[in-house]
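Same chain, two partners: subunit A is paired with subunit B first, then with subunit C.
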Partner chain A sequence: MKITFPHMGNIYFAAKTLFGDLGIDYVIPPISSKASLELGSLHSAEEMCLPFKIMIGNYIHAIEKGADTVIITGSCGPCRLGEYCELQMNLMKRLGYNLDFIVIDSPNDIGAKELLSRFGKISSKSTLSKTNKIAALLRAIKVINLVDEIEAMARNKAGYEVNKGESKKILNECKKEAMNCSDGKSMIALLNSYKTRLENIEADKNKNPIKIAIIGEIYTVIEPFSNLYIEDKLMDYGVSTHRTLSPSWWLKNLVLSPINLNQLDIKRKAKEYLPLMIGGHARECIGEAVLAHDEGFDGAIQIFPMGCMPEIVSKAILPQISKDKDFPILTLVVDEMTGEAGYITRIEAFIDLLERRKDNVLSRC
Partner chain B sequence: MYYLGVDVGSVSTDLVLLNERKEVIEKLYLRTKGKPIAAIQEGFKALKGKYENVEIAAVGTTGSGRQIASTLIGADAVKNEITAHAVAALETDNDVRTIIEIGGQDSKIIVLKNGIVTDFAMNTVCAAGTGSFLDRQAERLEIPIEAFGDYALEAKGSVRIAGRCAVFAESDMIHKQQMGYNEGEIIKGLCEALVRNYLNNVAKGKEIQSKIFFQGGVAANLGMKSAFEDALGKSVFIPEHYNMMGAIGAALIAKAKAEKAGKTMFKGFDLAESIFSSKSFECQGCSNGCEVVKIQENEAVIGCFGDRCGKWGSELAV
Partner chain C sequence: MKVGIPKGLLYNNYKPFFHTFFEELGAELIVSSDTNRDTLNNGVKYCVDEACLPVKIFHGHVAEIKDHCDLILIPRIMQLREREFICPKFCGLPEMVVNSIPDMPRVTMEPIYAMSKDRLFKWAEVVGHEIHNNKGRVKKAFEEAVQCQLNYKTGLNDETSPMKVALAGHPYNIYDNYINMNILKKLRKLGVGVVTEEIIDEDAKAKEIKKLYKRPFWSFARDNYSFTSIAAEKKLVNGIIYISSFACGIDSVVIELIKQNIEDFPFLVLKVDEHTGEAGLDTRIEAFVDMLERRSS
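Right after this comes the complex of A and B.
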């Protein structure tokens, strides 16, 4: 068994730690790129959403490197992402690949027993003792939390740094170095050292940078290739960004959701506009938009793949929030046809808009 | 001292020179024809004998070719079209509330309040209703594009054209021609269809308040102006330099920026004689596989675009 998984932001760091430490054979697909998207688009239905296509590309690239088992998350929620696993199993079979799929689903939907047996399928390949397996899992969780934390810090510091580009450079270097680590322990040590470095970069506390919240569909906000590296671009413009959704957030949410203690603040903030869970992360998107306004952000950018039902609903609600709170929100829809020129023009114009609003108090009257 | 603005768009490349009083003293409207470098050189050739390098106090670029133009010319400001258009319109009239801008392949709406941009939108999926589509229809009907609007104004009635998609609009026009409607009525119908398309797509959900400015190349078409006025029930103003607004905005922004910096980055008019070549390749450095474009001036590399990591030097001038 050689395990692989679709890319989604920083997940590959945790996967490397987990499978590496467990001693299970695994393949990390090459970082999502044009090649993965083209390959995925070729084999997917045209109207299928962007994440599906990129994932198919990831699988095929991983198979080329010897993978035969895919781990993917599923859900019975009303969003197509929950059905990806079934569709992808069919598609890959039709393409003639003999792939095994292990679907990690919420215990509410498949039962705790089934979930444990699926985990067992993976962990039985490891020769470690039970205690050591759990230790490896904990290290992987530690890694994903650390990477997400470092990334969030770098994105925020980009607005305050004195030496332009420093936080981006440290972030990129950190990610590159982390992949050279031999095991989880050394990766955690390395991440901690980069965290300290990032904490200590020269920052100008008096700077008042533009602050933007990145909201929207979970895959397209987390996987940088799918949103044309919007966060990197914003760093170049000296904008501080914040994104709530991340793999570590997702994990925490998953653990807390059976007891209904997940993301209480987001739910509370969304209540006025969208009190129901309508699938995907639409309610989160609405809650985050309101939260971003309350926390003093200058604006928000919503990103979602073409044809994403939950986000289309939230897109229709956002203008009302924008009007009620006098809070600018830009919506960007991405798919394989997205032209970068128009995309950048809109981002730049949005930053100009926020900048000029800041300078001109009258505009808020 | 003069301030140069360059707007490299999909259809046209516009150059303007402003004087100290921010008046347009020189304007050039050139066809880009897919060769932005050649178009800029052509413009510079026309300016070279008339002005000295030292007379240029600031240069700004905008339009879809703003980065390449900036590399070539040495720009003080590189701004997106939306901001550039808004700045130019505000300079003309500070009371403007809505800007309808239709260019070669983009159509935009910009909403302003108290002299600052508060909202904007841009066409994303379809170019129906933009300049290149009108260009093509004029060509097909064998009417010069300059006269297109007059045909619409003279028409007594109009024919309803399906304007949601450029291809279907064309089929519908052919169908209506074959049924025997006259050209004027069809053209008027087309203008109305394009306005409908604009208001339903680009301007959807936006409040359109007076004063309304209509700018970009398509504003030359008086048929479009009157179709907008009919649909909105409000008067629409076309600024004097409607097809140069992007370039004017870029020049104004550059003026402010260069004054703050105390110097200009302008490389001089000599680039008109240089030999430029561009080469593109896929970087093999990592699995990102960026498509990098390298621009050379007389064999020397002056700039690279398209790489994400900065390995080939994508210095960002904002």
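Right after this comes the complex of A and C.
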């Protein structure tokens, strides 16, 4: 059994630590690229959403490297993600690949026993003792938290750094070196050292950079390829960005949601505009937009894949927030046809707008 | 009190319930007209661009009646059955409407959970309170409305027709003759009878759905998948026509599931959106019917 998984932001660092430490054979698919998207679009139904297509590309690339088992998460909310597994299984079978799927689904739907047996399928391949397995899992969680923290810090510092491009350089270097680590312990040590390096980069506290919150659909926000590396682009412009959604946020949310203690502030902020959970992360998107305004951000950018049902609802609500709070929000819809030039023009125009608003005292009255 | 009822989305399915409920409470009903060109134009004008055609048309219906009533019914249907959903856009429908259309009167924000009478009554209690203070009267109106709804059956079944097609898709695409450009009339004129999913009983549907690896969590997915699957397998019909609105997330999944399941059984997908031309639709239907005739002769 050789395990693989679809890419989603920094998850591959955690997966590397987990499977590496457990001693399970695994393949990390090549980072999502045009090639994976083209492969995916070729084989998927036309109207499926972008994440589905990129994931199919990831699978096929991983199979070429010897993978035979895929781990994906499911959901039973009203969003399409929950139906991915069934369609992807059928699709891969039709393409002639013999691929095993392990679907990590909500225990409410498939039963706790079934879920445990699916986990068992993975962990039985490891020869470690139970305590060592748990230790490996904890290390993986630590890694994902650290990577997300480092990334968030770098994105934020990009607006304040004295030597332009330094935080981006450190971030990229960190990611590259982390993949060369042999086990979880050394990766944690490396990440910690990079964290201190980032903390200590020369920053100009008096600078007042443009601050933008990135909100929207979780996959397109987290997976940099799907949003055409928007955060890297904003770093180059010297913009400080913040995004709440990340793999570590998702994990925390998942653990806290049964006792209803998850993301209390977001829920509270969203209440005025969208009081109910409608699937996907629409309520989070609304809450984050309001929160970003309250925390003094200059604007927000919403990103979602074409046809995403929950985000269409939030897109209908965002103009009202924008109007009520005098808070600029740009919506970017991405799919396999998105052209980079038009995309960049829109982002640049948005930044120009924010800059002008900042300079002009009257606009704040 | 004037209560506005937009004739969009699932109006056709739950018409008796809403009509009886508000009438029993003594409200005056303002019902929008059947979908027409103005409805669509208004809908396109107000609604967010990315939404699907039926949601845009719903906006159009609301825009038509919003100045003539005190309260507008916007059914936020969350769930019809246990562990099943409709579509995220239904769950956020009131928010979409009030944030898109200016100068709205009061609207019903309360979610509808219709899996049991008790849960449904929660909706009736809140909405009924807006119209009438008397709890007993609300309860009575609710009971009456539920009774009316239970006696109401939708569904088409042209049993006697020698050539039949299964008409699948969301109810609002099947029953709104403006959206589907009178497809029923067109098919019948060509001598083709129409059958809809209501002919399959619940048990058979539940059995059919078990064959899938994962239980579909959308009510529409469950109905359409099991209906087409049984219709194709038992040869209840000569072919299947699926009316789907452009960019519908649920259909993008369901149509794939159906295609993989029925293999080479005749299957036509008609995509509708605000730009659909009638001539093109006619040609596709005629070609499909020709093909069915040639197969059966």
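FYI, the second predicted complex is superposed on the first by the 363 of 365 C-alpha atoms of A that agree within 3 Å, B and C clash if a C-alpha of one lies under 4 Å from a C-alpha of the other, contacts with A are read in each partner's own complex, and residues count from 1 in each chain.
Just so it is clear, a residue touches a chain if its C-beta (ideal position, glycine included) is under 8 Å from a C-beta of that chain, and two chains touch if they have at least 3 such contacts.
Bear in mind the structure is a predicted one, so any value in this text is a computation, not a measurement.
Trainee: Between subunit B and subunit C, positioned on subunit A by superposition, is the outcome a clash or a fit?
Mentor: Partners fit side by side after overlay.
Trainee: Looking at A:342, would you say it contacts subunit B, subunit C, both, or neither? Reply first, second, both or neither.
Mentor: Touch partner of A:342: subunit B, not subunit C.
Trainee: By the touch definition at the top of the document, which applies to A:152: first (subunit B), second (subunit C), both, or neither?
Mentor: Neither: A:152 stays clear of subunit B and subunit C.
Trainee: Go through the superposed model and pick first if A:85 touches only subunit B, second if only subunit C, both, or neither.
Mentor: A:85 sits against subunit C, while subunit B stays out of touch.
Trainee: For A:45, is the partner it touches subunit B (first), subunit C (second), both, or none of the two (neither)?
Mentor: In the superposed model, A:45 contacts subunit C only, not subunit B.
Trainee: Just to be sure I read the superposition right, which of the two partners does A:237 touch: subunit B = first, subunit C = second, or both, or neither?
Mentor: The answer is first: A:237 touches subunit B but not subunit C.
Trainee: Quick one: is A:319 in contact with subunit B, with subunit C, with both, or with neither? Answer first, second, both or neither.
Mentor: Both partners, subunit B and subunit C.
Trainee: Rounding to a multiple of 10°, what is the angle at subunit A's Cα centre between the Cα centres of subunit B and subunit C in the superposition?
Mentor: With subunit A as the vertex, the angle is 80 degrees.
Trainee: For A:357, decide between first (touching subunit B), second (touching subunit C), both and neither.
Mentor: In the superposed model, A:357 contacts subunit B only, not subunit C.
Trainee: Where does A:229 make contact in the superposed view: on subunit B (first), on subunit C (second), on both, or on neither?
Mentor: first
Trainee: For the three-chain arrangement built by superposition, which of subunit B and subunit C touches the greater number of subunit A residues?
Mentor: Residues of subunit A touched, subunit B against subunit C: more for C.
Trainee: Determine, under the contact definition given at the top, whether A:103 touches first (subunit B), second (subunit C), both, or neither.
Mentor: Once the two structures are laid over each other on A, A:103 reaches subunit C alone.
Trainee: What's the minimum Cα gap, in whole angstrom, linking subunit B and subunit C in the superposed view?
Mentor: 6
Trainee: Per the definitions at the top, what is the overlap between the subunit A residues touching subunit B and those touching subunit C?
Mentor: Common interface on subunit A, subunit B vs subunit C: 319, 333.
Trainee: Using the touch definition from the top, list the residues of subunit A that touch subunit C in their complex.
Mentor: Answer in residue numbers: 45, 47-49, 74, 76-80, 82-83, 85-87, 89-90, 94, 103, 105, 109, 273-274, 276, 278-280, 282, 306-310, 312-317, 319-320, 333.
Trainee: Within their complex, state which residues of subunit C touch subunit A.
Mentor: Interface residues on the subunit C side: 47-48, 50-51, 76, 78, 83, 85-89, 91-92, 95-96, 99-100, 111, 212-218, 221, 247-253, 255-257, 260.
Trainee: Taking the touch rule as given, give the residues of subunit B at its contact with subunit A in the complex, in rising order.
Mentor: Touching subunit A from subunit B are residues 64, 79-83, 106, 113-120, 122, 124, 205, 286-289, 308-309, 316, 318.
Trainee: What residues of subunit A sit close enough to touch subunit B in their complex?
Mentor: 30-31, 33-35, 172, 229, 232, 236-237, 319, 328, 333, 341-342, 344-346, 348-350, 352-353, 356-357, 360, 362-363, 365
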